[in-house]
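Following are the structures in question.
First chain A sits with chain B, and in the next complex the same chain sits with chain C.
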Partner chain A sequence: MIRRILATIPVMVVVALFVFSLLYIAPGDPAAVIAGDQATPADVERIRQSLGLDRPFLIRFGEWLWHILHGDLGTSIFTNLPVAAMIAQRVEPTLSLMAVTLVIAICVAVPMGVVAAWQADTLIDRAIMAFAVLGFSVPVFVVGYLLAYVFALELDWLPVQGYTQISEGLWPWFENLILPALALGCVYIALIARITRASMLEVLQQDFIRTARAKGVGQTRILFVHALKNAAVPIVTVIGIGVALLIGGAVVTETVFAIPGIGRLTVDAILRRDYPVIQGVVLMFSFLYVLVNLLIDLLYTVLDPRIRY
Partner chain B sequence: MNRRAFLKSVAGAGVLTAAGALATPAISQRAAARVLRFVPQADLANFDPIWNTQYVVRNGAALVWDMLYGVDDKLQPRRQMVESEQTSSDGLVWTFRLRGGLKFHDGEPVLAKDVVASLARWQARDNMGLMTKEIEQELVAVDDRTFRWVLKKPYPKLLVALGKVGTPSCFIMPARIAATDPFKPIGDYIGSGPMRFVRNEWVPGAKAVFERFADYAPRQEPNSWLSGGKHMLLERIEWIVMPDPATASAAIQNGEVDWWETPIADIVPVLKKNRNVMVDIADPLGNIGSFRMNHLHPPFNDVRARRAILTAMSQEDYMRAVVGDDALWKPLPGFFTPGTPLYSEDGGEILKGPRRLDAAKRLLADSGYSGQPVTCVVAQDLQITKAQGEVTADLLRKLGVNVDFAAVDWGTNAARRAQKSPPGQGGWQMFHTWHAGAVCIDPSSYTAIRANGDKAWFGWPTSAKVESEITAWYDARNLDEEKAAIARLNKAAIEDVVYAPTGFFLAYQAWRKNVDGIVKGPLPFFWGVSKAA
Partner chain C sequence: MTDATITTAPELIRAAPELPDLLPPIKLRGGILGFARRHPAIAIGGALVLAMVLIAVFAPYLGTVDPTALAPTRRTREPSAAFWFGTDMLGRDIYSRVLYGARVSLTVGFSVALLASLAGLIIGLVSGFVRWSDGIIMRVMDGMMSIPPILLAIALMALTRGSVGNVIIAITIADIPRVSRLVRSVVLSLREQPYVDAAIAAGTRTPMIILRHILPNTVAPMTVQATYVCASAMIVEAILSFIGAGTPPTIPSWGNIMAEGRALWQVKPYIVFFPAVFLSVTVLAVNLLGDGLRDALDPRLAKRL
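So, the complex of A and B:
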């Protein structure tokens, strides 16, 4: 177990090196963006020097790594604010969006998959799978616009945009997240429903299910207690993989619904070449992803006692 | 009760109330009417109007920092923080006296030493500031409310420089903040203007908040653009950044925001149909589209190749691609903003009449061009540059040019245009941008018109004639002399093709009908704006 946890450290180091190198060779110049359109080339050069962007790669990487090891993610080139503070400002909206999406997706997709497997090759199964294909096929932003048009503009039930902190009340917080979470959750629901169906189909063919049926166990109990638990490992795996999907989707969703989250921070930073922010955000996401995968690995041991690390 | 309120009450009565978490304080209608939600043209990612010359920073800064002078809607600089000024008969000694009762947001009085420090920082970054620095003999605080500026030669445009709207504008900060290196950002936002920047609510990329500064002493004259009484009728202004125009459109229709600075042309017809939304021209000074050529490398190091572009280009094609709506654009056979006192079409015949592709091809051949790749850098993430780039690519192909179309984002474009190396080694031969009409009213902030070689704006044009006419404008002592200098400058700039103007275009702004007092101008002016409940 400890070995499994320690294995995440070299992963993070490789990610750090990769991210820093990638930004170094990527085209673009934050000094030029900061200087604005009216600035002369000489102004741009002065700003570049003042930001230390003219120094050699190894010196900059060494400095950055040293600061990271001391828990300092650096200062944004643009805002002049600490990267850690900027990330902290944006964490709540993104985590809220991801959490609500996850809850909605799991609550909807797992029963859908179970029912589809139970009713395999019937109209219900086909309808559920058709919905899943649709969920995969329609881009997040299209779903987002449709939801906003219907539920915000036409029906005036929910707000179009923005985010309210949870400290300002549960309903205002949740009200702002319903549409984005539904938009973001579509792909996720489709993915989990399909995997659940496939996994359940396999389990439902096994002998212990036939035995349970022969002993007179009810259908609901067979599906949701006996079968689902044994089908859980691939489902949990996909939920873990799907976190990366959520991170990617959050970028689009936060833009469409004007949510001030990490996704938008990332896009803005990339467009401006705000290197410290990009590095900080990518490191944070990598850490989050590694952490989720670690949790999933640990969950395997609970779901399937045969698995040991 | 509307449907959303009904839903809220239903939900509130249910599980969520049981959780005891519905703690949102009710805001009275009257209080809500004192809060204006505004969607700016871009994100306020930084808030140093000297270090960062983006317009969005200037627009926010105009709320927070006051200026010594401010231009009015006739483009004339008017006294703002200054109570009076005296100039010696030889024009070399200027003595300024500040108004009484001026305060910074920390309660400290605005003193002449703060002004001197602010001027020094501005001088280091502004074109006119640099010029004043070069001829400066002395800039000192005489007493708390008086400062003196002694020059080595007369500078008739001094008040224009201090009140101009082009970036960086001369904002007045406390001396301790103004002491910051002009090439490094400030970290303290204590202002001198009518609104206070609420730093702890600032979320770069998402939100910026301004609150009324109760101790601000507005002038008594009616406000006009950056001048006059900046009376704030709003207690709080929230800038909400919305990168997606569809979201902003839905938000203003839904009443979630009150004022949208830059609705895109495609969405305007939808907004015009909404009975709760007003749509009108934002800035009568508009914008000038720019096709910028690199004067250092072939083929555009030869003036004949540059003239070939002017001979063949159709501004109509460019403007229809950029704004579509014919009511929003006009052809521009020159470099200065139409409708302003110095506007000139001298020398602009090459841009008028039917386009002459054959003549352009001949000019191109005469320049020695023989099919080498020509790199056209086009920022794809800005609609204006993308549209211009696509028209240019089509034009060049018609001229038989081998186009190397480099599709990039604006960040890459901004970096690449600074490269002087040949196109095959990371350089470029052309890119597109646009210039705010407010900047193109005269040469004071118009860096793109300069032709001083290595020191010039990207493309590095060299033209002694253009530079001498810019100097003549600075030296002009009356409007007639200024007009004559600008007419000659326009002609010279077209002859040498400093850049190719692709046309003049306007843009819309939109606001809710319960908002009053919005005026057309080069930036959103919030003084005098009110909101009904």
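So, the complex of A and C:
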């Protein structure tokens, strides 16, 4: 267990090293690109120094890592505010969106996959799998606009855009998040439904299911208690891997639904070529992703006691 | 040769791990129609992809006008007989822009699939064959895979000038780890096969083993993977352009057209609608093709998913 937790440290160092070396991997001169087309050579030189591109790679990396360990993600070129503070300001909407999406997606996708496996090769199964392929193919912002157009503009059931803080009430907060969460969750639902079906199909063929049936356990109980419990490990794995999709999709979803979260921060930073902010966001989300997958790995030991670390 | 060696040989073969039959031939029974009936996903996906390629290639001859021509007098016209998909905020014909946009999307999709496969193949082979490098390469790949691909592409695009070439490089870098891991897993499972052992025992050199025994077996899984990479690359390109980190606004790509329609989408939804439909249909077609190929090339995998 402790060894598994410690194993994330080298991964995080590699992530940090890779994010850091993007400055050097990128083709062309990053300092000139960030400075923009109207910049004077002096501006470019100033940015080069602030990025540390004028000093040796390893020394600069060491310094940078040291700062990160102290919670200092650098300073925005545009606003001169610390990046960590800028991210902290925007973290609530993004985490809310991701959490709501996660819950909705799991509640929708797992039953879908279970039913598809139970009804394998029938029309219901085909329909669910067709939806899954569609969910993979329609980009998140297309789903977003479609949902917003139908449920907000035409039917006027839900707010079109915007975000309400959770401190202003649970329902206003949730109401604003339903459409974005559905849009963002589409790919995720497709992914989880597919793996649930595949994993369930395998489990349903096993002897203990036949035994349960023979002793008269009801169909629902067989599917959702006996089978799902044993099919859980691959499903949970995919839920963890899919968080990467959620993170990438959140940037776009926040743009479509005008949610003032980290995604918007990123998009604004792109327009201003504010690289330290982008670097901070990438690093923070990557660490979040590593931590989520660490949690998932630890969850295995609960789901399947045969797995030990 | 003693009797003992003769009797142990078949036992060895029996004890060997099951051979992953990764490349069973697709038989063309019953002509094209028969093929289409047995593999509907390949037929439909392939036909749609082909149609999209034709549209991209022959865009200038399909009743389009210059997709970048500005006409301030006829801004934001609704779709009509003269402007099939309407016009945008600058009076440009959306039908022409969408058709030319197919060129950008397909170029990005195919290039990323090709480049990521090539790079992934090389890294996977090195990792699978050069034992001491395996640990290092896989740790680096683990790290890269921990960065959500879209964010990695955004970070790279923020450091370079927007161009189709740079978009391709950025998305390729984000996709390399997945392909490398696939190739490495194929190499590692093949290395244990008796016929590879036999080839090594017979004195075959490593380059020849790779060429004769390893490469042919990577073709099927890599083709399937490449279609998925292609589909996701087209989505990522559209996303990058949509949020302003992709191809420069002067190039008509589907993501750019939608980005320009973003401000007006509540009153002029058709600007976003048409590129969205083309993008979704194209990605769906490539995904269908991938699913079909997977089912046809690797029946064992098909049963699992």
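By our rule, the second predicted complex is superposed on the first by the 264 of 309 C-alpha atoms of A that agree within 3 Å, B and C clash if a C-alpha of one lies under 4 Å from a C-alpha of the other, contacts with A are read in each partner's own complex, and residues count from 1 in each chain.
Note that contacts are C-beta pairs under 8 Å (C-beta built on N, C-alpha and C of every residue); 3 or more make two chains touch, one makes a residue touch a chain.
Remember, predicted model here, so these are calculated numbers, not experimental data.
Asks: Give one of first, second, both or neither to describe whether A:273 is in contact with chain B, with chain C, with both, or with none.
Replies: In the superposition, A:273 contacts both chain B and chain C.
Asks: Look at A:10 in the shared chain and tell me whether it touches chain B only, chain C only, both, or neither; answer first, second, both or neither.
Replies: A:10 contacts chain C only, not chain B.
Asks: Based on the superposed arrangement, let me know which partner A:25 touches: chain B (first), chain C (second), both, or neither?
Replies: second
Asks: Kindly classify A:145 by the partners it touches after superposition: chain B alone (first), chain C alone (second), both, or neither?
Replies: In the superposition, A:145 contacts both chain B and chain C.
Asks: After the superposition on A, what does A:168 contact: first (chain B), second (chain C), both or neither?
Replies: After superposing on A, A:168 lies in contact with chain B but is clear of chain C.
Asks: Just to be sure I read the superposition right, which of the two partners does A:46 touch: chain B = first, chain C = second, or both, or neither?
Replies: After superposition on chain A, A:46 lies in contact with chain B alone.
Asks: Under the stated touch criterion, which partner chain does A:282 make contact with: chain B (first), chain C (second), both, or neither?
Replies: The second partner, chain C, only.
Asks: Determine, under the contact definition given at the top, whether A:158 touches first (chain B), second (chain C), both, or neither.
Replies: In the superposition, A:158 contacts chain B only.
Asks: Does chain B (first) or chain C (second) touch A:134, or do both, or does neither?
Replies: second
Asks: Which residues would you name on chain A as touching chain B in one complex and chain C in the other?
Replies: Touching chain B in the first complex and chain C in the second, residues 27-28, 30, 33-34, 145, 149, 153, 160, 255-256, 267, 270-271, 273 of chain A appear in both lists.
Asks: Which bits of chain B are touching chain A when the two form their complex?
Replies: Those in contact with chain A are residues 2-4, 7-8, 11-12, 16, 19, 21-24, 43, 45-46, 48, 51-55, 125, 166-167, 181, 183-187, 203-207, 240-244, 246-248, 250-251, 253-254, 256, 381, 408-412, 414-418, 433, 435, 439, 445, 447, 455-458.
Asks: In the complex, go through chain C and note every residue touching chain A.
Replies: Where chain C meets chain A, its residues are 139-140, 142-144, 146-152, 154-161, 166, 169, 173, 231, 235, 238-239, 242-245, 258, 262, 265-266, 269, 272, 276, 279-280, 283-284, 287-288, 291, 303-305.
Asks: With touch defined as at the start, can you tell me which chain A residues reach chain B in the complex?
Replies: 27-30, 32-47, 49-50, 76, 78-81, 86, 89-90, 145, 148-149, 152-153, 155-162, 168-172, 174-175, 255-258, 260, 264-265, 267-268, 270-273
Asks: In the complex formed with chain C, which residues of chain A make contact?
Replies: That would be residues 10-11, 14-15, 17-19, 22-23, 25-28, 30, 33-34, 133-134, 136-142, 145, 149, 153, 160, 194-195, 198, 201-202, 244-245, 247-249, 251-252, 255-256, 266-267, 269-271, 273, 275, 278-279, 281-282, 285-286, 289-290, 293 of chain A.
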